[in-house]
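Right, I'll just put the structure down here and ask away after.
Chains here go by letter, A, B, C and D, matching the order in which they are written, and residues are numbered from 1 within each.
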Amino acid sequence: MKATVKITLKHGVLDPQGKAIEKSLGQLGFTGVNDVRQGKLIELDIDADTPEEAEKQITEMCEKLLANTVIENYDIQLNPAD
Amino acid sequence: MSEDMTPSETTHINDTEITPEIVAEHGLKPDEYEKVVAHMGRTPNMTELGVFSVMWSEHCSYKSSRKWLKKLPVSGPQVIQGPGENAGVIDIGDGDAAVFKMESHNHPSFIEPYQGAATGVGGIMRDVFTMGARPVANMNALRFGDPSHPKTRHLVAGVVHGIGGYGNCMGVPTVGGEVNFDSCYNGNILVNAMCVGLARTDKIFYAAATGIGAPVVYVGSKTGRDGIHGATMASAEFDDASEEKRPTVQVGDPFTEKLLLEACQELMASDAIIAIQDMGAAGLTSSSVEMADKGGVGIELNLDKVPCRETHMTGYEMLLSESQERMLMVLKPGREPEAEAIFLRWGLDFAVVGTLTDTGRMVVHHEGRMIADMPLGPLADGAPEYDRPFTPTPPALPAPQIDTAHADETDISEALKTLMGCSEIASRRWIYEQYDSMVMGDTLAGPGGDAALVRVHGTKKALAISTDVNPRYCLAQPIEGGKQAVAEAYRNISATGATPLAITNCLNFGNPERPEIMGQFVECLEGMGAACEALDFPVVSGNVSLYNETNGQGINPTPAIGGVGLIKDFEKAVGNAFTQADQYIFVLGATKGHLGCSLFQRFVMQDDTIYAPPSVDLDLERKHGEFVRDMIDNGLVSAVHDVSDGGLLVALAEMCLSNHIGCHIEDD
Amino acid sequence: MQASVIVFPGSNCDRDVAVCLEAATGKKPNMVWHGDSDLPDSDVIVLPGGFSYGDYLRCGSMAANSPIMKEVVLKAQKGAAVLGICNGFQVLTECGLLPGVLMRNAALNFVCRNTHLVINNNSTPFTGQYQQGEEVVIPVAHNEGNYFADDATLDELAGEGRIVLSYAPDDNPNGACKNIAGICDASGRVLGMMPHPERRAETALGGEDGKRIFTGLVEALS
Amino acid sequence: MKATVKITLKHGVLDPQGKAIEKSLGQLGFTGVNDVRQGKLIELDIDADTPEEAEKQITEMCEKLLANTVIENYDIQLNPAD
C-alpha cells in the first residue's frame, strides 16, 4: 500500500529555507508571494493488511524517526488502492 | 538511448538490427565501425556495439590525443607509477607515497551543476582510494562564463554547492583551487576536480587482474540507469537540444562513498585483493575490460548477479550504467566470505559477478543467454589512434607599448582598485568558506595561499598542492602558455619552501576535428613537455576533455595543471602574507613591463585583443625556484608570493591584505 | 581519565578528536562503533563531528536512534560527562539529552571559518580552564548550526547560565537564537557545541584556544 | 490564495536520502517498508485574481527556482478558498 507523509514546521518555528526562497522569488520578480514554508514529503510503500494497520505503523515511524515532534507536525495520507 | 530501445518481453535488445543511424547514435564513425566488425569477425550485436562505443569513446580511448600524450615526460626517481593506472604515485620518503590525479566533469556539470560537480569529486576520490591511498586533500579548478551571462550565477551556485556537499560529507578537506570567468565558457563550463591521497609504498593496489578462475567481485551501491552514454556524452558537443536529454546525469551519494572508502581501507589491510578498480565513466564495462586486459587474462560476467536498483534492466544498460559509488575487485579464491563480511558490516552491496578466464575475451551472460563475446585487446587498445591534421597558432602581435611617462599616482591607485575588484582577482572567500578545509586536522595552509600545505599525518613532512593555468596565454601562444602553466605550478609550490615533485593535468580543449583547435592541443603539450623536462616535474596522471564547444564556438585552450611538492619540515614553510613590519621586500626576476594578455590590458585598458603573452625562460624558472627554496630553508625570508595574474602591484597588495601590514615602494 | 568516542557511519572528525583526547589524557580513547550496544565505562563520552548517515532526513536523526545511544543516555544519567561537537550536538538534541534543534544556516550555505566565541560559563567540567567572559577563536564547519528553541526554553537556558558558549554578537555564522554556539544540560555535565575545539588545539593549525576544553576535562574528571 | 507545491525526484533518479531512511526504519524494526522517497513540499500564499493566474505564476516559479527540472517533477495544488 502506498502512503505519503507530509512533514511541516509548526507555526512559529523559524523556517530559514522558506525565508530564503521568499527572498529569491522576490528577486526574480515574483511579487505578491508571502508565507513561504518548506517542508518534507516522504513517500513509501508499506505491507499492511488494513489501512488502519498501516496508519498505526506509519504514525509510530513518524514519532520515532521521520518527524521531530518538537518542531514538526506530520500528516499521513494513505492510497489503499495502489 | 531512445525510448524504443527498452525491450518488451518477447524481443531481446540484441535482436535489434544494427543500422548506420544506431552506429552514429553510439558516437562511432563509419570507419571506426568497420574496424569493430573486423575485430569481431562478424557484425556486433547491440550490447557489443554499446561496449565498443564507450571503450572507443574519446573519453576512454584518448584516440585524438594519445599520439601526443606519449611525448610528455612521465618518469623520474620520485615516480613510482606514471600515467596508465587509476592515479599517479610518487615517493615522498620514509616508505610514504603520494597518490593523485585530476579529472574533468565538464559536460554533466553544465546539464546539472550540483550533481555534475558532486559526482566529479566522488569519482576522483575513488580513483585515488582504489590505489590503496586515503584521500587527504581535494582541490578544484573551475571556469565559468561571463559573470553577466544569465546562466553563470545558477551554474556557480550549483557547482560550489555540489563540490562542498560531496567533499564535506566525505570528510576530505577542500584546501584550494582556482576560479576564472571568461565569455568563452558561456556554453561550456569547466569543472576539474583533483584529489591527493597518502599510502605506503609497499601497499599500492593496481588494476591488473591475474589468476585464472579468481572471483570478480562487485561492491558498493546498486546499479541504475544513471548516466548511460555518459562516457560518449563526455566528449559530445553540446547543441541546444541537450536541455531535453533524459536525466542521464549521475546522482552522487557521498554517505555511501564514505562507507565504501572505509570498507575498502579495511579489506586492503589484508592481502585478499589481487586487483581493484573503481567503476568510473563506462562503469562495469571499462573496469572489467581494463582489469582483464592489463592482466593479460579473459573475463566472464554473469549480469544476473549484479545488484540492481531499477527493475527490468537490460544487460546493455547494466554494462553501460554509470551509477556512482561502485568498485570492481578480483579477490584471491576463497577470500570472498572474509571480504563480504566487511562490506555487509558497512551496509554495502557485495556480489561475485564473474571469474577470470584464459580466453583473452570478455564474455557476458544475462538471463541464461550469452549477450556479448568480444576480444579484450581491441576493446582496451584497438581504438584508432588519430593523427588529426593541425595548424599551428600564428604568432600573436606584440602588445603595443603604452605611454607610461604621464601616469601619476591616481592612475596607479585607480588601476589597482579596478584589478583588485575584477572577476579574476576579487576575493574567493565567499566560495571557499563553503568548503570544509580543516577536517582531518592537518591543513597547515588552506585556500587563499600560493599553494595549499597539508601535513603528512603524524610526521614533520607536508605536501604542497597547487592548480594553475592561464588560458588566455594558451590562446595567444599555446607553446608559451603550456610552459607557463607548468612553470606557475612550480613557482607556487616553491613559494612555500616545498620542492616540486610531479604534476597531473586536465587538458580541456574544443573540437579536435578543427585543425586550429588540434594545433592548440599539440602546441600546448609541446610547451608543457618542455617545462616538465626542464624543471624535473614529470606528469604522473591526467585526463583529456575534448569537444568543449557549443554551437561551433570552442573554449580557450585550458590545460589545467595540478602540481604536488614536498617540504621535509613544515615548521620552515612560509606563507604569502607579510608577517611583520620593518622588513625589506625583494623582487626576484626582471620586470619588463609586459602587458600582452594581462589583466591590466583586459580590465583597465578594456582591450580584449589577443597580444603575445610574456615568454617563459625555463632555466631562469628553475634557478629562481632553487634560490627561493634555499632562502626559505635557511630561514632568511618570512613571506614569498608568486607574481602572476595582475602583476607586481596586485601581488604586493595581496601580501599586505592578509595581515593588514602595509608596504612602501620606491621606483628608482 | 578514560574517554570514549562514538563512531557513526558518516562521522569524519572522530580521528581528529581522538588525537586531542590522547594528547590531553595520555591514553588512546576507546573508539566505539555505533552498532555495538556495550559502551565501556568512560569518564567522558564524545560524539564527534561529521555527517552521520549523510545528514539525511535531519542531521543526527538516524544516529540518535542507533543502539549505542541508549547506552550513552544511560551513562549520562549515571553522571558520565558527554561532549557533542557539531554533528554530535545535533545528535544530543535529537535524542533529547539537550533541548532545542539545529536548523539550516540562515544564509543556506555551508560555512567553514574561524569564529569569535565568548565563554559565558566557566564552571562546567569542559570550560574550567577558561576565564569567565573570555573571548576565544574556534572554527566552525557546518550546514545546520542555526540553533532554535521556543522562548520559554531560551529564557530557561539563559537564566540558568546554560548558554555555555555564544558567538561574539558581530560574528554569528548561522543566525542562531541569542548567538548560541553551545549549551549544557541542567547538570552541566552534557555539553553540545557547534564549533570544533579539536581543530584549534595546535599552533601549527593556527592556535590553541580549543585545547583547554580537553585539558580542562582531564583536570575536572581525573 | 494558498498553494502547495509537491517536488519529487523523477522516476529512476537515485534518492540517497530515501535509501538511508528506508535502512534506518528497517533497523528500528519497521519491516515491510520499501520504495521510500523523500521530496520537498513548499507552501505559499499568492495574490492572484484567478486560480488560472496563480497556476501560471507558480508554474513559472517552479521552472525558474523551486524545482530542478532536470531531475525533479513538480505538482501544484491550489486551495482557492483560503
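Keep in mind that, in the parts below, a contact is a pair of C-beta atoms (placed from the backbone, for glycine too) under 8 Å apart; a residue touches a chain by one contact, two chains touch by 3 or more.
All values derive from a computational prediction rather than experimental measurement.
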| item | value |
| --- | --- |
| Co-neighbours of chain C and chain A - touch as defined | D |
| Chain pair with more C-beta contacts, C-D versus B-C | B-C |
| Chain B and chain D, separation of their C-alpha mean positions in angstrom | 35 |
| Whole-Å gap between the CA centroids of chain C and chain D | 34 |
| Separation of mean Cα positions, chain B and chain A [Å, integer] | 40 |
| Residues of chain B whose C-beta touches two or more other chains | 253, 255-256, 347 |
| Multi-partner residues of chain A (at least 2 other chains) | 40, 64-66 |
| Junction residues of chain C, two or more chains touched | 53-54, 56-57, 62, 65 |
| Those chain pairs that satisfy the touch definition | A-C, A-D, B-C, B-D, C-D |
| Chain B partner contacts - residues on chain D that touch it in the complex | 10, 12-16, 19-20, 23, 68, 70-71 |
| Chain B residues within the chain C interface of the complex | 161, 164-165, 168-171, 253-256, 258-259, 345-347, 433-441, 443-444, 455, 570-571 |
| Partner chain D, residues of chain C touching it in the complex | 53-54, 56-57, 62, 65-66 |
| In the complex, chain C residues that touch chain A | 57-58, 61-62, 65, 94, 100-101, 103-108, 146, 148, 150, 175, 177 |
| Residue ranges of chain B in contact with chain D within the complex | 111-112, 114-115, 221, 224-226, 247, 249, 251-253, 255-256, 309-310, 323-324, 347 |
